[in-house]
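Note that the chains take the letters A, B, C, D and E in the order they are written out, and that residue 1 is the start of every chain.
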Amino acid sequence: MVDIVSIGANTIVLGSLYALIAMGFTLIFGVAGQANLAHGGTITIGAFTAWYVAGLGGGVWVGLAAATVTGALFHVVLYRVFVRHIDNPVNVLILTLLAWFVVEYSFLAIIGSEPRSVPSLLGGTTSIAGVSFLYNNLLIFVLSWVFIGALFGFVNYTKTGQAIIATSMNERGAALVGIKTDNITLLTWALAGVLAGSAGVLYGSFRAASWDMGMTPLVLAFAIVILGGIGSIRGSVIAAYIIGFLEVFTISAVSPRLSGMTALLVIIIVLLVKPTGLYGRELPG
Amino acid sequence: MPILTLRQLTAALFLGMFAMSWDYVSGYTGQLSFGHSMFFGIGGYTAAVLNLELGISPLLGILIGTIAAGIAGIIVGYPALRLKGPYLGLITLIAPIVLVQIVNIFPGTLGGDAGLPSPAGLIPVDDTIAVLSTIGFETSFEHQTVVYYYVALFLFLAIYALFYVFTRSYIGSIFTAIREDEDAVRSSGINVAKFKVFAFTMSGTIGGLAGAAFVHTPVGEPSVGELLYIVVSIEVVIVSILGGMGTITGPAVAGIAYYFVRDALQTSSLTIPLLDVTVGHISMVLFFSLALLILFFLPKGILPWLEDLSHELAERRTDQTEPTS
Amino acid sequence: MTDSLLSVSDLTVSYGKVTALKGIDIDVKSGETIGVIGPNGAGKSTLVDAISGFLDYEGSITYRGQEIAGSSTQTLVENGLFYCTERRDLFGQMSVEQNLRLGSYLNNGGEDERLAEVFELFPRLEERRSQEAESLSGGEQQMLSLGRGLMSDPDFLILDEPSIGLAPVVLEDISEALTAITELDVTVLLCEQNITFALEHADRLYLLENGAVRRSGATESLQSDEFVESYIGG
Amino acid sequence: IGGSDNGGSDSITIGLLAFEPGSAPQGTAQEQAAELAVSDLNDDGGILGEDVELLVSNTQGSASTASDRYLEFVTDDNVDITAGVFQTEVMTGLMSDIADHQTIHMSGGHTSPTIAEMLADDYEQYKYQFRPYGNATHWIESITDLAGHMQDEEDWERIAILAEEYEWTQSFSNDLPDMIEDAGLEVVYNQRYPSDTENFTPLFDNIESEDADAVVMAQAHTAGPAMIQWREEEREFAMCGQISQIIDPGSYESFDGDNEFAISNAPAVHTADLTDQTADFAERYNDEFDVYPNDAFSYATYDGLMMWAEVVEQEDTTDAEDIVPALAEASYEGTRGVIEFNDQDHEFPHDARFGEGYLQRINFQWQEQDGEGIQEVIHPDGLATADYQEPPWF
Amino acid sequence: MSTHSTQSTGDEGQTDDVLRLEDVTKQFGNVTAVDNLSFAVREGEILGFIGPNGAGKSTTFDCVSGTMAPTDGTIYYRGEDVTGRPQHELVKAGIARTYQTFRPLNDRTVLENVALSQVPDSLFSRSDFRADTEEQTREICERVGLGDVTSQMPDELPHAGLLRLEIGRALGTEPDLLLVDEPFAGLTTEEIERTADLFTSLRDDGMTLVVIDHNMHGLLELVDRVIVISFGEKIAAGTPAEIRNDPTVQEAYLGGEL
């Protein structure tokens, strides 16, 4: 039985979660032009930070705050120590991929393969227009939109935001107008770390934290950025909801066995028709 | 050489072949594929299913598997004309993910997640082979291992030679030119589309050939874990980049090294002093850290680095012999 | 030479084995317009790249009395330098307006007024204000590059071949604009191939050849110099 | 030529193939059980008067790595027996190596009937493999019984089935529905889902909209998100099935109690008195490793090795050609009951027998007592240690 | 090497027109870059193609050379309708062009850059291009003035060198019609003369050239005939002298100069 109301409700929650997951990736990849596959690792780090802090009795909100710090810290280190010195984008891609694997296997060795449950940020349920929502899911929705709004405003309407884009397009040009490109890129990475770290906490509270939890979010983030079109935050948000909807719809109304597949096939079709995604800009060079 | 090393070398040779097939299209033309396992998988599964279901001989099965993978190459090559960079990367990444799901949906013929049983061997090594017995190989396992080692070696060398010839010919120079600037190539009067599709087709064909042969040897099984998973594709990319993109030789050799280094770390029971864990326990952490450092310090890859190094040495030597110029 | 804004002495720059500049001395005083001329490959762009902090060098470059080695381009920009490069270095997928506004990245206030001035100087840019820089015509890109420079309200403007690719009418406009700029006490370092243009604006000239200064001096005095005349040719 | 001839060395060697021992509960449990077996055997004077030695290798969950490690065992280390492996996808690839090397393999956790079917197809080739805990077809029988029991006790009528996309879950999707219907209940939903699924909300929505009383889950990897979402979303159906990860006695802690009220089928839990040895073994194991035995990984690995040792002593040889028929005939009183293997004409040769006097499966529920999670047996009746508890949100 | 198709399709073929544009229009969204432009290029001439910045000159070249298809209109090359044909086919038919912003292949030497246009455009050609074409490639390098720097990398070249490389690569395709976009930009007077001499000698060898440039000294001395466009439309055509004195052109383009 296909229940349109619950499909709609689930899409809203899932799309928000996916948008949140993709946001940090969009910032570095779409806006600053570097594909950071360690994003998957940052999500894991965020989730386990919250789990650990909550386990120490710090409470999950403190855990969330801590996760923003560890996420940012990881990115800052990754960028300062490695990425900054690399100019070939393919090498950035592979290096961050390897960094992600190092993070994953470190968690496997230290924590083990069993999933851990990150406590909900908010317990309980409420009912809106006859549909019941977990407070935790509403929180995801709200937080996601707060981040989306903040990021959108930041990138499009602040000088620093414009500087991020400028740096990604032409580093020499950015230096010429007085942008401290190094600081700007570092800031971008740190911000993305904050986003990915917090996404990890929410993702973990919804789906359990485990050493290999980064894969799905990473593929999702990648797919979302591409489907939305590189460089477009709006595109990413829309793509997140499209993918969320396709997943929910396929599971509910078609077959769970095809759940991943429909979204992927739709992406292929969209890209064949619009090779730069929904709102993408032409790639440089 | 110990018999097990020989066997591992056989498996490592296949990794080298997979990596070469990636390098041919991605390293040379710059069309990055994150899902090359689709070709290994299509080649391998086609050959295995034909043999298991229809009893088609391994050789014919491999041929058909190779062609099927080549056709897949054409199919991927066309969108590659429209899609650039990461957009293409995503499409190629998606393809094997979808294939894995298809395999799961048809567990009957395709074996599901557990894989299919091994199809017939490429070369039947029923009993012991006289020649080998005289040089000290005893059991039929040893004989089989030796025979398949040579099969793999032959295939490896053949593929290497083929790619080498192509990439060192004018085709290679067109490929790398496409990687640098398609418009410049077009204005030189060259049909870029034709060469791009060709690169994918040939890469797919050879990747499929390697995959198809792989499942007919004792070192390979027709299973999603060995042929289709994202990690398979990713490994091939890592190997090629560490070895040196766009060199064929680099990925070929790095494929073999990769296998053995990883294996050595995994089986090491050495205890790391301060941490008090064995190397084996954190082998993957060490392995990927090592790979990361290599990539960081040798951004062009190991082979190009060695080449630069030897040039430098050679220059220094000539500088010494002719002190003034 | 206490009032030197920029002072270059014994500057040597190499690209690997190629030595592009071989011990050059140049001096720029506040408010001057200096022309650097010379054949292709003489080292003009190398010189201004080094001055703007993009290249490692031997010798000395001081800007406002400070050695620039070790300080970044950005710091120089903060100190009033702006460099319009030969390659233009625009932000390809940003609009014309975004490119211009980024020109005044470090300046607060007055952005809109300057934007209006630039649009007055190059009406073409106003027409194209939301078009991506990359898809502009060559000449339009050149205008944008200059416009972005003006947006920064510089004290010291370095122009590398600003006349490249500009239609004669536009060149006239730019010429006027440059005159206006120099009248505002902006110091200008102008690398030019277009001799007419250089002669028109420069107070003093340096003639570079093969990485070395062949002649230098006040424009009028050099105009009658035999060697320079032969270089300027027909 | 049998590779299992203990070529003159003066110890008996066991090669264990474990998945991430020390990191993953499955491999860790296998390693612990094998260690306990080896120390018990050595305390008892070894096997055939020789010391017993244990080698452990990590399969990394990959068929090709497992194969490499296996070959090292049989060619370099000359092991007398191999044991372990918990993934069907790894085992499938290994079967041909085992056939080539003709060394006995005591399996330690993989559960797909297909492995036994390989023996049925070509016994001579694959006869070296034994499974002292049977296969998934027994799990679904036990689960059907549970369903019938709950129909009586809790009015379960409508059952949903959700199976993770793995080979071993095939019988859950294909055979279980008929069995449940035969037992007089209704199967209202039957789905397989990809093994990387993390979002169960829409699946649970569907199950709820079918008004199911309970869902039977067959899963070995996705229990984390499934438990969390079931509990937090307060789903109004019971959760049972073969939920591999919650059989792990440590799971209550790692899941932070999210698996409270969930039911799983299991070969044994430490609270179940399957035989008078069960509790004793579990306590000894807990004393040794500070954790209770986990699933077949612990119980069957231990039993399998002890049974093999007994047969070796009895036959006075480790030669596989002698031991295979002897094992096939043997009867051994293990920690969970009497182990005897199906013979070669059976549908599932060399899988342990189930039923009266042999092995049986239990269903337990995670319940909380004084802040601690405890695995209470709720079925079958004879072994039950507690009554079923209904989740408070129902 | 390239077999130029010279067959004419019926009566459209004006024998001495190498190239003819009829009502060519190119739009980008709502920007009309080329607007109903028609003109012809005669065999063996050097045609100057000028106009203000953004007038649509480069875009016209793009349409003619197959870099992009025009929105509307027809392009005839030697009487044959070639509108919208892909660039590589047009190159084989004999149309080559240079780009205003240089596009060297930065991974290879000058010689190898030029050599690319000598490479066969077929997948299984057995001709080893190195042996029999290296000679030719070197000759081209000599001719455009890159003889001394054949083994340098493009990023080591000064501006003028890159320009020569751009011309060298175009010559490598052995064109009949060469479209040159701003060859004089950034060159010294002396360099301009050298480049102009090169073009004249190419014309003497039978090539037809269309040259865009803003340097009126250099251009007007070189060309036989000039076409002026503004806002994508033709505003004047004639000999250099006529163009110099045309008030419309002075107003729209030349300004007070000359």
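We adopt the following convention: a contact is a pair of C-beta atoms (placed from the backbone, for glycine too) under 8 Å apart; a residue touches a chain by one contact, two chains touch by 3 or more.
Model, not experiment: these values are computed from the prediction.
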Path length in the contact graph (subunit B to subunit C, fewest steps): 2
Contact-graph distance - origin subunit B, target subunit E: 1
Touching both subunit A and subunit D (chains): B
From subunit E, the most remote chain by mean C-alpha position: D
Gap in Å, rounded to a whole number, between the CA centres of subunit D and subunit C: 77
For subunit A paired with subunit E, centre-to-centre distance based on mean C-alpha positions, whole Å: 48
Centre-of-Cα separation between subunit E and subunit C, whole angstrom: 30
Multi-chain contact residues (two or more partners), subunit C: none
In subunit B, residues with contacts to at least two other chains: 101, 104, 181, 281
Every chain pair in contact, whichever chains are involved: A-B, A-C, A-D, B-D, B-E, C-E
In the complex with subunit B, residue positions of subunit D that touch it: 1, 3, 22-23, 57-58, 60, 62-65, 67-69, 71-72, 75-76, 88-89, 92-93, 95-97, 100-101, 112, 114, 118, 165-167, 170, 194-195
Sites on subunit B touched by subunit A in the complex: 32, 79, 82-87, 90-91, 93-94, 97-98, 101, 104-105, 181, 230, 234, 237-238, 241, 245, 277, 281-282, 284-285, 288-289, 291-292, 295-296, 299
Partner subunit A, residues of subunit C touching it in the complex: 52, 54, 72-74, 77-78, 82-83, 85, 89-94, 98, 101-103, 105-106, 132, 134, 148, 152
Complex interface listing, subunit C residues touching subunit E: 15, 18, 39-41, 45, 86, 124, 128, 131, 135-140, 142-143, 161, 164-172, 193, 195, 231-234
Complex contact set, residues of subunit A against subunit D: 1, 3, 6-7, 10, 13-14, 108-109, 112-117, 119-120, 123, 125, 134, 136, 205-208, 210, 215-216, 247-248, 251-252, 255-257, 259-260
